[in-house]
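Got some structures for you, see below.
Note that chain A is present in both complexes that follow, paired respectively with chain B and with chain C.
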Partner chain A sequence: MLEIFMRFRRSHEFWLAMVILLLCIILTVATDSFFTLRNLSDLLTSNAFIGILCAGLIVVLVSGGIDISFTATATVTQYVALTIANAYGATWVTLFLMAGGIGIVLGAINAIFIERFKIHSIIVSIATLNIFYGLLIYFTRGKYIYTLPDFFTTGVNFFEFEYDQIPYSLNLQILLLVGSFLLTWFILNRTNVGRQIYAMGGNPDAAKRLGFSTFRLNLFVYCYMGFIAGVASLAQAQFAQSVAPTVLVGKELDVLAAVVLGGASLSGGVGTVLGTFLGLTLLALLQNGLVLIGVSSYYTQFVTGAVILISVSATALEAARQHRLKRARA
Partner chain B sequence: MAAFLQLTGISKKFGGVQALRDVDMTIEQGEVHCLVGENGSGKSTLIKIVSGVQPPEPGGKIVIEGREYASLAPTESTRAGIQVIYQDLSLFPNLTVAENIAVGRHLGGLHLVKWAAIRAAATQAMRRIGIALDLDAKVEDLTIANRQLVAICRAIAADAKLLIMDEPTASLTRTEVNSLLGLVRELKAKGICIVFVSHRLDEVLEVAERVTVLRDGRKVGTFDARDVNDKKLAVLMTGKEFSYDLKSVDLSNKPVVFEVEALTRTGEYDDISFNLRAGEILGITGLLGSGRTELALSLFGMTRPDSGTIRIDGKPVTLKSNQDAIEAGIAYVSEDRLTLGLVLDQSIAANATVTILEKLAGRLGLIDPKDRQIMVDRWVKDLSIKVSDTENQVRTLSGGNQQRVVLAKWMARKPRVLILDSPTVGVDVSAKDGIYEIVKRLAEEGVAVIMISDEIPEVLYHSHRIIVMRSGRFTGMHNPTKTSEHDLMVAVNA
Partner chain C sequence: MSTKVSSARGGLQAFLFGTNGSLTALLVSLLIVFTLIIGQKFLSPTTLQSMAFQLPELGILSLAMMITLLKGGLNLSIIATANLCALAMAFCLTRLVPGTEGLTSYALIAVSLAAGFVVALIIGLINGYVIAYLGVSPILATLGTMTLVKGLAIGLTRGNVISGFPEPIVFIGNGTIAGVPFGILVFLACAIPVSIWLSRTPTGNAIYMIGSNEKATRYSGVDTRRVMLKVYVASSLLAAVAAVVMMSRFNSANASYGESYLLVTILAAVLGGVDPFGGAGKVIGLILALVILQVISSAFNLMGLSQFLTLSIWGAILIGATAFALRYRNKQRR
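Entry: the complex of A and B
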């Protein structure tokens, strides 16, 4: 038990948790509005879109690849799924089946190009981002959708209650955020496919020799990313109460930043679901906190960038130091 | 005893190249068998056929424990108990020791991971060979020797009956090699057959009962290990006789070009003094970590000694960087040719001339391709580098030819002192000989050579004097005509 704690103490996650704790304490002392149920609920709801995508992207990074096309995928899935729902009617189930299904198909396109033509995933996904997004704008002429099905506009609200005359509930965004992180955690840590993804990210040649099918693994990884993008797109559309085809693309780097801040490596095999969640939390708290303190939003971007750079450098230095220590002991 | 594995009439063609030609081989139950041969002799192809990665040509027969196969699928080979430990070990650096050992449990269709079963399997595999590594340590944090143990445990956990080890000793120190050989004997005692593929002939003979030699895709023969020695094996592998003698030459009238006095760098080497005459080859040997490479790095200006003097032609020099060393006429061929000595993706011509760019440069600082080509052609011919086109990437050359390109690159500068660190690592027996020839010729032309190596025969048969290093100090000067491999081995390991 002690040993597990000692191991955790040296981990990237531990330092992130400490920084988050410190930030929470500072913000609680410095502002009245930070440590409130209202702010917590707002934070979770408004960061759900980015957060759900983080739960997909961590799988891609662990596998040794990268995907930046998922914001375009999300735009396509929400536009198509909700247009069909408006025209032919839908239920929650069919809506998620459509969004998730379209996401999976678009993800499969990425996987096939990456695996069959051996093109680097960053190049494939830059291309597909432009293709998906370009086609969508071409066919829709960038028109917004303002009327959505009634059940969708109402959303989901479990455990509704009022506190200080403000209504709270477990809404669609929070449910999907928590659900997607749990699902990713389960896949990566409790299924053999998840472990094969870690193995492939750490040493692709060895994975192949062992008999892991890298084609199937990559297909799974990018389809899962597509599926998650579909889910995230519905959370976002419900939150915004509209579909705006031009606002999602451009957010992919925020997602990547959160995942990398969470300790995932761009060279594959490294990264945890807990770390990803903490990275997301830290970025969300920073942005939220700076707004609450009253800092200009341009400055917020600067601070966000600086935090990422400092954190990643510190991790790299610490890793090098640990490595030297272990070598010296060996 | 019945044979575990019997190969009959195994051939393999890749395109127009006949990689294997009608090879027969038998592995007895519980036997340690060595497979030796030069690069391209068909060793790897044979391993691939046995492990099911490549099918043999029709007509061959594979019999494992009485069951006959025309060819094997990888899963059949694994199920029959055949496990290969590749030279790169095929481990997952980001995963723990336990997961690496029991990684076979992740195979198959979608299922849940039973972590307790994985840890239990890993513990059991380690217990079978009597080791205990931290189950939760990441493999990237282990030493090379421990990583190898993890790879062996993985094979054990997969119920290996035949363990094929491809060049297992290539990156181990002598002590680590000894414990590996101990482990091989222990596995044998447990009834596991072992096929050991190695370049280092002396090690092969320490552990094997029988040795099979391949040359150009054909089997030369299988020999009882007691009936052969490393020289005989070298002849069998290459089909050439080697003369290992360096005529003792009188160098006393040659000028001293290089002097080192009381050179010390704390923690690396201590109180090193020697001198070197023009045309002399000085061998320096010692274990990994004895300070031999660290000393070489200081002599080439890459690290600064704490105290002591280096003199060239009697004049003291301070080497602040390798640039200074190159200016002073010192050339250094590093141990790690692939990462330090060559730019693999660039052409042979570009690599060979990289040290003399400023000499080649014309008035405007531009290089005339014709001048460069003349220079390159001369070195290619002089060092007999086998190459179809000097614009080809260095990557496409064999180990021996790559090393010649490195030598060419330094020869172009006409150095006074040439430091060679493990010059024949990864070079075949016959190609090694070519490298020694070049070194010998350079010495005859008056270059003072320092040859650092942990292969004792290398320094014994190709130097005029031998210095043994241990724990950062010189422990003695040996005359190659008055010492033996055994004596040097004792001095190195003392």
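Entry: the complex of A and C
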């Protein structure tokens, strides 16, 4: 037990957790509105889209690849699934099946380009981002959809209750956010496929020689990312109460920032679901906290950038120190 | 004799299937197809001139991206840097220059532009220091500076636009010399020195070496950190040149202009034969890629097709060209 704690104490996640804890304490003391049910519920709901995508991107980064195209995938799934739902009617189940299915198909296109043509994922996903997004806007002429199916507009609200005259519930966004993180955790840590993804990310050649099918693994990874993008897009459309095809593309680097802040390495094989969640939490708290403290919202991005830069520099310095210590010992 | 012929044929084949050859072939076939579809109008001086007006912004930004790709890095902060520099220049230009005449006016314009380049230098030094000396991965470091620099630009301007520049500045992006847009001359004035820097100097050589194997380069006695610092500073300064052109073309500066260019600069560089993991790529390839992208964009525009369709064709060409290049390289190895 002690040993596990000692190991955790040296980990990236520990430092992140400490920074978040410190931030929480400061915000709770400095403002009345931070540590309230209302603020926490708003925080989760408004960060759900970015958060759900984080749960998908961590799998891609662990596998040793990268995906930039998921915002375009989300735009396409959202638009197509809800257009079909408007035209032919749908239920929650069919809506999610459609969104997930379209996401999986688009993810499979990525995987096939990456594996069959042996092009690196960053090139493929930059290209497919432009292809998916360009074609969607071309065919739809960039029109917004404002009328959505009734059941979708209402959303889901489990465990509704009132507190201080404000209604609270477990809404669609929170459910999907929690669900996607749990699913990713389960896949990466409790399934054979998950362990194989870590192995492939750590050393693709060794994984191949062990007999893992990298094609099948990559297919799984990029389809999963597509599926998650589909799920995230529904959470976002329900939150925004409309489908706006031009607002999602451009957010891909926000998602990447949260995941790498959580300790995932871009060279693959390294990264945890807990770290990803903490990275996401830190960025979300920072933006929320700055607004609550009364810093002009024009400066939130500046502070976020400073935190990212300081955090990655500190991590790099710590890694160099550990490396030197190891050498001195050896 | 026969060996000579076969080697000449081999040379031709290598050219046709090599990056620049296949890009030239692609360009020529695109020109033929578009001329057949659109007709004379496509190759008219007006169309060519409008292409030459549009190319420099993306061109200079792509150069800024390319040099970092060559050393095995990446610079996601080029657009943010360009915007902050443009804002710094615009701020000085609109405060200092109005009301002055003649030489003083020119001197103050020069001072204003210098202010922008100082900003670029500082950002470049931060990027270079964090990446080369602290050892942060380029994508993370420049993601941080991108957010920081853009945040600073938004914070200082509250998202507003600064506009209205003196005549000489407007000329840079919109004027012509003997029919040739001045902007394209600025682009060439960047591309030629960068090309010489990369291919004819020890630093340029070291950039390619670091791109293919950083450790080996360090052990062979090259001060890799210094070279990397130089690369990020140069990348930043090129972004500042792009800032001048952009600001002049829009006659205004803003914190979020040209953001969609970011991934397109990587697309252009990779299409131009730059290895996204460093070590290979030439400026001439990049120029060919930029011309191809511009030709497609202008032709689609003339045909009345949406710019978004252009985006998706660019994406398709990137995948197609990369797959073709890789296939040829693998065949060669066998």
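We adopt the following convention: the second predicted complex is superposed on the first by the 326 of 330 C-alpha atoms of A that agree within 3 Å, B and C clash if a C-alpha of one lies under 4 Å from a C-alpha of the other, contacts with A are read in each partner's own complex, and residues count from 1 in each chain.
Note that in this section a residue touches a chain if its C-beta (ideal position, glycine included) is under 8 Å from a C-beta of that chain, and two chains touch if they have at least 3 such contacts.
Here the structure is a predicted model, which is why all the values come from computation and not from measurement.
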Q. In the superposed arrangement, does A:159 touch chain B (first), chain C (second), both or neither?
A. neither
Q: Mind working out whether A:130 is in touch with chain B, chain C, both or neither, as first, second, both or neither?
A: second
(Q) For the overlaid complexes, name the partner, chain B or chain C, with more touching residues on chain A. (A) C
(Q) By the touch definition at the top of the document, which applies to A:201: first (chain B), second (chain C), both, or neither? (A) first
Q. Just chain B (first), just chain C (second), both, or neither: which does A:190 touch?
A. first
Q: Quick one: classify A:209 as touching chain B (first), chain C (second), both or neither.
A: first
Q.
In the overlaid three-chain picture, which partner chain does A:88 touch, first (chain B) or second (chain C), both, or neither?
A. neither
Q. Where on chain A do the contacts from chain B and from chain C line up?
A. none
Q. Taking the complex as given, what residues does chain A use to touch chain B?
A. 7, 189-196, 198-199, 201-203, 205-207, 209-212, 269-270, 322-323, 326-327, 330
Q: Using the touch rule from the top, collect the residues of chain A that touch chain C in their complex.
A: 68, 113, 117-120, 122-124, 126-138, 141-142, 250, 253, 256-257, 260, 266, 296, 298-306, 308-309, 312-313, 315-317, 319-320
Q.
Quick check: in the complex, which residue numbers of chain B touch chain A?
A. 74-75, 78, 86, 88, 90-95, 99, 103-108, 110-113, 136, 141-143, 146
Q: Report the residues of chain C in contact with chain A in the complex, numbered from low to high.
A: 76, 126, 130, 134-137, 139-141, 143-152, 154-155, 158-159, 259-260, 263-264, 266-267, 270, 276-277, 305-306, 308-316, 318-319, 322-323, 326-327
